[in-house]
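Below you'll find the structure I mean.
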């Protein structure tokens, strides 16, 4: 058991952040944390309220979704997480929520346009909304296919998952990811905030323009580029 | 008195959840809990603030609305609860609130369209809005007739109260129900959340499509079907 | 000093409720309480934050706005309160806030239509928005004239201040009143809630109908009529 | 070090107010405080969460943006603050946030119209939105040029920075200022509130008129004019 302690603790801490940042109602969200060396990830058990969660409740699963350790049933979204970890060696945490504004954009089947520098501080592209999948895929292995919806929309838009750490699954809700659980949950909170601002922007001015290219690159580079000067550590 | 202890305690606890989930302002909501064997239910007294409520304040009423036990006047909505319990043997708790977004939909006289999986996790249909009743009915036994408005809209839409545990009463506000007070209040919070997301979805895209049928059934079945795999207990 | 103790205490308690119910930012609201026998009222001092307020800071003023007791300058809205007390012998408390949704309706110069039973539980009419006053009146005794704007809009709409305890002053913000400070503040919170629901209702359906007459009277009468059956006390 | 104690403490206290007033998510905002005699200002370090902030973390910088004291990297917006202090001898504190409603107006590239007295209590003009700068300026010294965008929009609109203590930078977010950190942060909270009310006003009535001139001047003068009668101190 001891070999999974670290990912279980980090997944536990990550899940506890979801209600703290007002990203979930009841049990509607889950955080997982992967150990790529061992080929496993720890994930929230299905349907357990955050306030009753214990580190030992985290379920350890391999990248095919097979349970390796744990007494509870893992999140029903586990196969989606598994697919993404299998394809993304450098992603250590994935978050799924039904946060209100991000979910409204997903239900509207619209990408979130890059309207301002708050958005550009995090990514240079519109946040893509993957279309709902075909009936065949839904009736097959639905949560597994949801992973491929996410992979495919990024491929189609020619956007790397390293640059864009958040996607809307159309008619459903958002997924975000990152190097750590803290970063992946941070991305969920950022997405919800950007989604709300973009909602208000469109209501105020239905022809609000996308942010101009020079500003997109300026803001993204000052935070993430080779010569980044935001924060206290040199980015590389 | 001892024979009503359980329903009074459960009704008390249920009423205390309403302010916790931000579903009520002042005294604008009530929870009841029924004992079908004894043919009675316990309900909040009328106009008493939640923070001053005591278990012993709960009023016990029969399914014709006659007071069986209690020193206070029961909620003015008592006859609505009574009608529903009389018709639904398997419903043990009913909740009425004026929660903001659900009430706005009720005031708009619009069903809440099923726009996403958050909705489909709970029901496969649009959430129906019963039309305001005729003047004759209003001037007669109004709260009693409100119960029939709820029964009739479900009948007309051919939806079972087992599948759909929430209804909007047009120009008025929502009612929800469930097997327990906890579940019935949960449904009120879910409805408010779905109502807000649907509001935002329509504002973003006035032609947002209903969720496709395959997704409606997939999400509902994974939570409520014979082979449900959401949560920790086998559903039957 | 002892003869004003009661109104000062009640005004103090009423002012403390404004931040509790999220009706004010900084110092943007005031509550007064009148003693009609002595012809005076106690009101919040101008520009003092609620958390620094003390009972002894309340300023006692007569119905012509003359300071009777107190070391601080009274609210700049004092002449408006004075005019209303002078005309309404049965009103003991007045509240002014800039609560968000009610103020947005006032800025839109629109009455708040009676869309549902939440509204009808409190009044049978649309909540009137008084038009902005003439330049002459503004440049004269502005706050004094604001009192007449409120009196005049009720007169013009043929609505009694006993039935309608809330008014929007166009381009400005709401005023509410009642028999006690608790009731007058309650009315401010009710107004803000009704204003938000009405906002959402109009956004959802620009042709949402007014509540039908039979429902308006049913809901109002069950709470305020001769045979009222809401709450624990017989209304007269 | 002792000679900067006062501005570091005031800047520290000012930064702590940002989360208190819900003006920031994560680290998205900064407060600075200047000492014009010494030609320096203290500012929040870049990317440090408010709850981990310490007085000693404040970075002291001169009006050309050169670090004078401090172990951390100053806010990336430091050059914007520097430009403004260099031009405004009477401004002692500057605040930058990405507060939700103000940022939505900035993203919409719209001035916030003066719709009501809440707005007029603080300024007599629409709150200006500076246009996004040219590509040359962005690719040059971007944050430095942002300061000039603010100076230029005020010049173009013929508005003094003494009368208007808040500006939207188009596609970006708001800046506010004042005599003290408390006042500058107060202005950020006021701006967010005015921005929300103006948003709701436009949604309710797309042809809501600007506040009439007589009311603009009445409200502004009663708070800020030679004969001001709002608050407890004589304004001069």
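A, B, C and D label the chains in the order they appear, each numbered from 1.
To be clear about the criterion, a residue touches a chain if its C-beta (ideal position, glycine included) is under 8 Å from a C-beta of that chain, and two chains touch if they have at least 3 such contacts.
Predicted model only: the values in this text are computed from it and were never measured.
Engineer: Starting from the Cα centroid of chain A, hunt down the chain whose centroid lies farthest away.
Structural biologist: Measuring from the centre of chain A, the most distant chain centre belongs to C.
Engineer: For chain A and chain C, what's the span in angstrom between their mean Cα positions?
Structural biologist: Chain centres of chain A and chain C, defined by C-alpha means, are spaced 47 Å apart.
Engineer: I'd like to verify one number: the distance from the centre of chain B to the centre of chain C, where each centre is the average of its C-alpha atoms, in whole angstrom.
Structural biologist: The answer is 33 Å.
Engineer: Check each residue of chain D and list the ones that touch at least two other chains.
Structural biologist: Those would be 203.
Engineer: Graph of touching chains, which shape: line, ring, star, complete, other?
Structural biologist: Looks like a ring, each chain touching just two neighbours.
Engineer: Spell out the part of chain C that touches chain D in their complex, as residue ranges.
Structural biologist: The touching residues are 25-26, 28, 45-48, 72-73, 76, 98, 100-101, 103-110, 132, 135, 138-139, 142, 171-173, 199, 202-203.
Engineer: Which bits of chain B are touching chain A when the two form their complex?
Structural biologist: 115-118, 186, 189-190, 193, 196-198, 200-201, 203-205, 208-209, 211-212, 214-215, 218, 222, 229-232
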